[in-house]
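Both complexes shown next keep chain A, but they swap its partner, so chain B is in the first and chain C is in the second.
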Partner chain A sequence: MGPASASLNALFDALLYPLGGLPAFWGLLLVSLLSGIGMIAVFKAVSDQERIADLRRRMGGEILGILLHVSSPGTVLRFAGRLIRSNTVYLSCLLKPLLVMALPFMLVWGQLEARYGAEGMEEQVPVTVTVQFRDELPAREDMLVQLTGAGLVPPLVMVQALDQVSFRVVAESRADAELLVNGTAAGIGRTGEWNGSRVLRGFDAAPSLWRLFTPHVQVVRRVSGGPDSGWYSLEGRDYSIFGWHWSWTAVFLVFSMLSALAGARFLRVRI
Partner chain B sequence: MLLAASSASAYVGPGAGFGIVTSFLVFINAIVVSLISALLWPVSMILRLCRKRRREFRAKVRRVVILGLDGLSPGIARELMDRGEMPNLARLSHQGSFAEMRTTCPGISPVAWSSFQTGVNPGRHGIFDFLAPDRKRYIPTLSSVKTGSATSRSGIWPFRRTARRPFISLLRRSRPFWGLLRRYGLRSTILRVPITYPPEPLDGHLLSGMCVPDLRGTQGSYTLFSCEKPEDRFTGGLWKELLKTEGGGWSGELPGPETEEGVPASVDISLQRRNDRFTIRVCDHNIELVPGELSRWVELVFRAGGGKVRGITRFCVSEDDTGSPVLYATALNVSPLSPSVPISHPVHYCRYLAGIHGPFATLGLAEDTWALSNGAISAGTFLQQAWSIFHEREMMFFDALRNNASGLVVCVFDTSDRIQHMFWSEGHGTGTPINEMYRRMDGLVGETMSRLGGRDMLVVMSDHGFTSFHTCVDLNRWLLENGYLVLEDGVREVETSFKGVDWSRTRAWSMGLAGIMLNLRGREALGAVEPGIEAQELLEEISEKLLKLEDDDGTKVVNAVYAAGEVYNGPYAEDAPDLIVGTVKGYRSGWSCVTGGVGQRVLYPNEKRWNGDHCHDHSLVPGTLACSMKLDDSGADITDVAPTVLMALGIRPPFYMEGRSLFPEEERE
Partner chain C sequence: MNRRDFLKLAAISPAALVALKTGCARSTTPARRVIVLGIDGMDPFLVRGFINEGVMPNAARLMAAGGGINRLGTSNPPQSPVAWSNFITGYGPDVHGIFDFIHRDPETRIPYLSTSRVLEPERVLSLGDWRLPLTGAKVELLRKGEPFWTSLTDQGIPVSMIKLPVDFPPDRGRARILSGLGTPDLRGSQGSFTFFTDDARSITDDTSGGIVVPVRDYGDGCYECPVKGPQNSMRAGNPQMEITARVWVDREADALRIDLQGESTVLARGEWSGWLRLAFDAIPHISSVHGIVRFYVKEVSPRLKLYMTPINIDPLNPALPISNPPDLSSDLARHLGAFYTQGFPEDTKALSRGILDDEEYLQQAWIVLEERLGLFHNELNRFREGLLFFYFSSLDLNIHMFYRSLDPGSPLHASTDPRFKGAVRELYRQMDLVIGQALDARDGFTEVIVMSDHGFAPFNRSFNLNTWLAVNGYACIASQMDRERDMFAAVDWGSTAAYGLGLNGLYLNRRGREIDGPVAPEQVPDLLDRLKRELESVTDPASGRRVINNAFITSRILPGPLPPYAPDMIIGYARGYRASWETTLGSYPEEVLTDNLDPWSGTHCIDPSAVPCTFLSTVRPVIDDPDLKDMGRSIAGLFDVPVLPQGGRDVFREDGS
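Entry: the complex of A and B
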């Protein structure tokens, strides 16, 4: 899993590097606009445009049929039934592009989430780290926590029932920090200085295929007696547009949709 | 993987995302409108019942269905019924009635269908021919529609602005009988009845028929693309050059509607050969063309008048002797999905039909008879076109039967008329196009009967019959040779629109398919005949001489000449031609004479492919009337249909209708 995940991260690092000098919002905006156009182009290439146009025309006719015969409930019901049937066929037509786009979309989504979804660690702002052990928690005296670039804020809270250990850390600078728990090393916060670099919000020593879609969780080497995974309570990034607070998902969805709409018009895509 | 996805699962790309979101909107829309309809139904039902109680008589039927088969000849139908080739019409005849029906004078579709829908003679609806003479300018104009532009002011001072806005008005006067049904709570669906453009409001749905123009504003002009210019000039279409491109293909420009600058907006087309087929690219469509076969409808978008004008066309490619492609494009039909002129009532009725059944021909005269006449398409392609238009119409008609369970459904099929015009000379024996057409019309009658219930009345009718057209009669040449029409010095022949006629010395002129007009002082711009006795004597003189007109073999050419005063009455009778010339079978007004030309001979052979016609003495080309109910149909006239339908629905025909109800005497009360 590690090499695949690392290659993917490297690829996106390279792709997004040119936007690294921009403020995060502008970087995300550009990525959203390009993603929208890219996805609409893929949709055009993969979908059966003739069939979709035909179904849209037919559904338009069925809606008009309902309006034209509104005083005749029997006819209206017949048209409503036909409309629902056409709509189901239409949805089935969307299945192929949906399946084709699902994997790349989820990869892109994960990468953007990792890069634009959260701030890195702020100076003097404590971050809670929760570490999960697989079987049984080591004894308190056997617990070894070391930090580089950040300081540990006691106490160390051990929850035996959940096999978890929690503690707080405070960054010493905005640079990335590193955590070492019983031999397992993992990064916290940014992996680079530039906007658009990954912000690590956890680690996983026993990764599954799913970790390809969550690059904010660092894939680490498993150490005997070390923890399985961990996660950090980093704040989500807040994007301010005209005084409104937007999450990265809102920015991405809205602007990719707008660019997709414009792209659909420009590329004459039937959706 | 999809199931495992969390936040991403709700949104997999904008395309599919939009699709899914709009789909749910459609579901909600369908449910909400259905609920509203169900809630409103009791109110509308009560209103309709109250209106239905206004009916003067007990309705004989719940619904009247009129199947108009343009030009269906009762003689041929009877013959084929006797031979067992039209079993459904025979069954209808046996069950109810079948008879010849007197048509209008002259027996021409716009005149006859106008009388059908209004129940009055042409003197009361004002349609006397396809063309109406402009007596001030001596030029032909379309008799049923007036289009133009008028200055209109809008806004308030100081933002008042003046703009020129186009207008379209229907010139057919009087009132169609379906316009009366609203008062009685009865709905109508009227499909492609001639002379219903622009559509008039009614309680129900209407799709206009004959006289709907194409995007160029004509009654149908096709486009022919070829590398070499055709040697002969042709009417009814345009020629455009196909230019060879560097990639081994061809390109051309398809002209559409006129822009404000007066030049046509056009779209580019490119053609590529792919083995034994061609691919045409136009307006982002890539269409594969099999030589000799018509393509599907293709939507074209023109930029004209400050906006987009959408039209639809079909292509057909063939190869000339040198192997170069010859591309035919049908007339640019107004797109039913986005009509640039009103072709239906309500306006979205045509969108509904196109949505349910796909794009369809909207042009009034959609079957391209000119293209066949000029050799632009083969007989096979023409028949393919005619039958596909028939199929489109059939779909609409069955849709109307399904959705309009009470009231009135009228649908006119033109295929019967067009095929007889173009294939008359082949006869109607087994295997001929006309024979096949009659059999398919019979199939349509059978299919219609199977879809009707016991409380429905089916009327199968035609506006006129058919006969041959082998000889042209140039009435203007005859008037010239007899001294009634005078040309300016040095002019020997007039191609069209009376250019070169000396009006100060002309006493009579002919325009249209059967009319002769006197050049009457006070009525025509340069009138030379004094109204009153002089005019009357002149009319009698012309009539007498015309009745003596004979062909070289002694065949009498004119069966009867009717004075307008004898055959028409009503407020518009004075707009009629002064004389209507009823030619015998086989003889018809000459091609150029119709539009104001003066040829070189009075009688000459009709060399066009158009070899069947009905523009003869109307008594020789009666229409057909068949009904699922017993009718007193002896001496039935086309104006009788409207009162009969009204009586069937329990409504007293209005006083102005001239026809009579055809129900037997004992059933009338």
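Entry: the complex of A and C
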């Protein structure tokens, strides 16, 4: 899983790096607009446009039939039945492009969540780190926590019942920090100085396929005696648009949808 | 326009635009700025003393600019809600309707907060256990009268009133307002802490100021701590909403981890957490109420002692209106971080009840002050024009708690830790720094005013007004066993002529106004005269001193028509005395006068002439007896606007007009 995950991250790093000099909001906005156009282009390529146009015409006719025969319940019911059937066929026509787009969409979603969904470490603001051990916790004197680029704020709280250890770290600067817990190395916070770089909010030494969709969790090498996973309490990020505060998901959904609609009109795509 | 004019205009316009854009343009009438620091409880006698000691050099600068420390008449009674309402409206309680911190329903005598109330939705759709409001619930400000700044905003003067007292919910005009004193916590109280512990000695039924929640470790080092939120008005019976904090203790490390709604926080013993956000689901996934809390770890081992602040309304997502415009609080929170939104942020009750000790209380008070200073700096930096009023609560609440450190006459003076005997001086020094920052922000068009709402006096002896009334035959105790219970549980109302409630209020038990009230209207004047005479002659057997300077008959000092909830008398205690806490809640202890052994050792709820306000200004006042009621008009008068607020006088003009 590690190489696949790393390749995917490298690909998105390369794609988004040119936007890294822009403020995060503008980067996200451009990505959202491009994603909308991309989605509509894929939709056009893989959908049966003629059939969709035909079905839409037919459904229009059936709605008109209902409106024209409101005084005749039998006719209305007949048209309604046809409308439901046409609708079902229409939805089945959409299924193929949706299935084709699902995987890339989930990958893009995960990457954007990792890159635009959270703030990195703020200078002098403590972040709580919790690490999970698979079996029982090591003895306190055997716990070795080292940090690069950040400082450890004692104490280490050992939660025996959950096999977890929690502690606080404070960044020395806004740059990325490295954590080493009993031999397991993981990053915390931003992986690069540029906007759009990943913000690491945890690590996993026993990853599953799911980790391809959660790039904010770093896939790390498992070390004997080291923790299995960990997570950090980093603040979510919001974006100010005309005094309103939006989450990255709201920015992405609204602007990708707007650009998809505009793209559909421009590229004459039937949706 | 000919070609030459056009070319001239074209040459000038870009320069004008640039000037406007960079803020260099100056209108023909220069914008005047007025900075008003409302420092609750700043005492003119202490200010003079600290200036003389060199603790307040900036106040001395201001004093030199404005002709000394002026004493400002306070309200009667000199309680903050009354006093700030006088300031806001320019009128007394007969107009703004605030007579005390608490009023009572005249019929049932049930007390309620005087400044605001929540109105339930008028129409509700019941679906099984659910109650879906069809009209909105409302919070109503009970203070009446027009605020003085309305005349300023109507004339185009920008106004910012930050942490403004007695304005919750905030006035929906054109002023920027962040509500201060009077803003409740999320549970609707004026601040109710929670203390989680497994120490049996700390567990009591006392709910004043907060609750102690017994918790238990079942051997896995985990305490399940129920965090009780506000009532859920969308469920039948309005049950309290609740979430659970899991607290994992590590006794060896003397630390713990708090898991709360998916977030973990690590704290060692003696540490305060930052603000943690909570969400209580009124309707799961549809409607939630947001709050913020801080935790303090008093002890981990051998017993868990974990303090949680009152649940403050989250300024990022306020459940109740706390600012105008509504997004002001969230903008401030995004810029500066979360902050205390409750009106009484310093947790004096936790100190009074021994949940926090002096040191811990001062740490909490310092957190409040730092937040407030952050807000102040932010406002000062963005202030370009108009009126900026900024309110500080720190002096008032902390001097209430630490007057004992100043006053050798306090029963607690000797037992107060010497480390904290400089607490009051340090607070005044901090306020002086604030004054200095305001003075440094001055230019040729800026005036600075520092004012308080009352001064301060020691509170060494408690007067049980209700007990005195019972001893002197004005109240009849029906049940001796219930004397100590609140809300007049011991009283036979049919034979009781008068009762005390609140800090200064005395009420007659009038026929036709109170249920079972025996006092006929024709008996009222004589009864009031007799009470006044007898109350003013009460002396303290321990010292022979008079306990009450003035017992004011309300209808004689306030000329306007009085509402039925107004007290019939306002008791003006002598310096050193105040109504006991038992009096404020309607109980009847055995003794009439007792030593005050509560850390709440300073007061201002006494005779108003004994606790005047502080008034320092860069403009020299020319009226000899300025009063709080004059300040709104005087501030407005500094702006050269044609229309001034109606209430009060202009203290900066000879004729007061």
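The criterion applied here is as follows: the second predicted complex is superposed on the first by the 269 of 271 C-alpha atoms of A that agree within 3 Å, B and C clash if a C-alpha of one lies under 4 Å from a C-alpha of the other, contacts with A are read in each partner's own complex, and residues count from 1 in each chain.
Basically, a residue touches a chain if its C-beta (ideal position, glycine included) is under 8 Å from a C-beta of that chain, and two chains touch if they have at least 3 such contacts.
Nothing here was measured: the structure is a model prediction, and the numbers come from that model.
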item	value
Clash-or-fit label for the pair chain B, chain C on chain A	fit
Touching partner for A:Ala102 - first (chain B), second (chain C), both, neither	first
Which superposed partner A:Ser166 touches (first chain B, second chain C, both, neither)	second
Chain B versus chain C as contact partner of A:Leu91, first or second or both or neither	first
Contacts of A:Phe25 with chain B and chain C, given as first, second, both or neither	neither
First, second, both or neither for A:Trp194, with chain B first and chain C second	neither
Partner chain in contact with A:Val269 - chain B first, chain C second, else both or neither	first
Which superposed partner A:Ser233 touches (first chain B, second chain C, both, neither)	second
Angular separation of chain B and chain C about chain A, which is computed from CA centres of the superposed model and rounded to the nearest 10 °	110
Of chain C and chain B, partner touching more chain A residues	B
Lowest inter-chain C-alpha distance for chain C and chain B in the superposed arrangement, angstrom	15
Contact footprint of chain A on chain B as seen in their complex	1-2, 4-5, 7-8, 11-20, 23, 26-27, 29-31, 33-34, 36-38, 40-41, 44, 48, 205, 284, 337, 346, 348-349, 351-358, 403, 405
Residue ranges of chain A touching chain B (in the complex, touch as defined)	36, 39-40, 42-44, 47, 54, 57-73, 75-77, 79-80, 83-84, 87, 90-91, 94, 97-99, 101-103, 105-106, 109, 210, 213, 249, 253, 256-257, 260-261, 264, 268-269, 271
Chain C - residues contacting chain A, complex	220-222, 248, 250, 252-257, 263-266, 268, 327, 330-331, 334
Touching residues (chain side chain A, partner chain C) in the complex	128, 130, 140, 154-162, 166-168, 233, 238, 243, 245
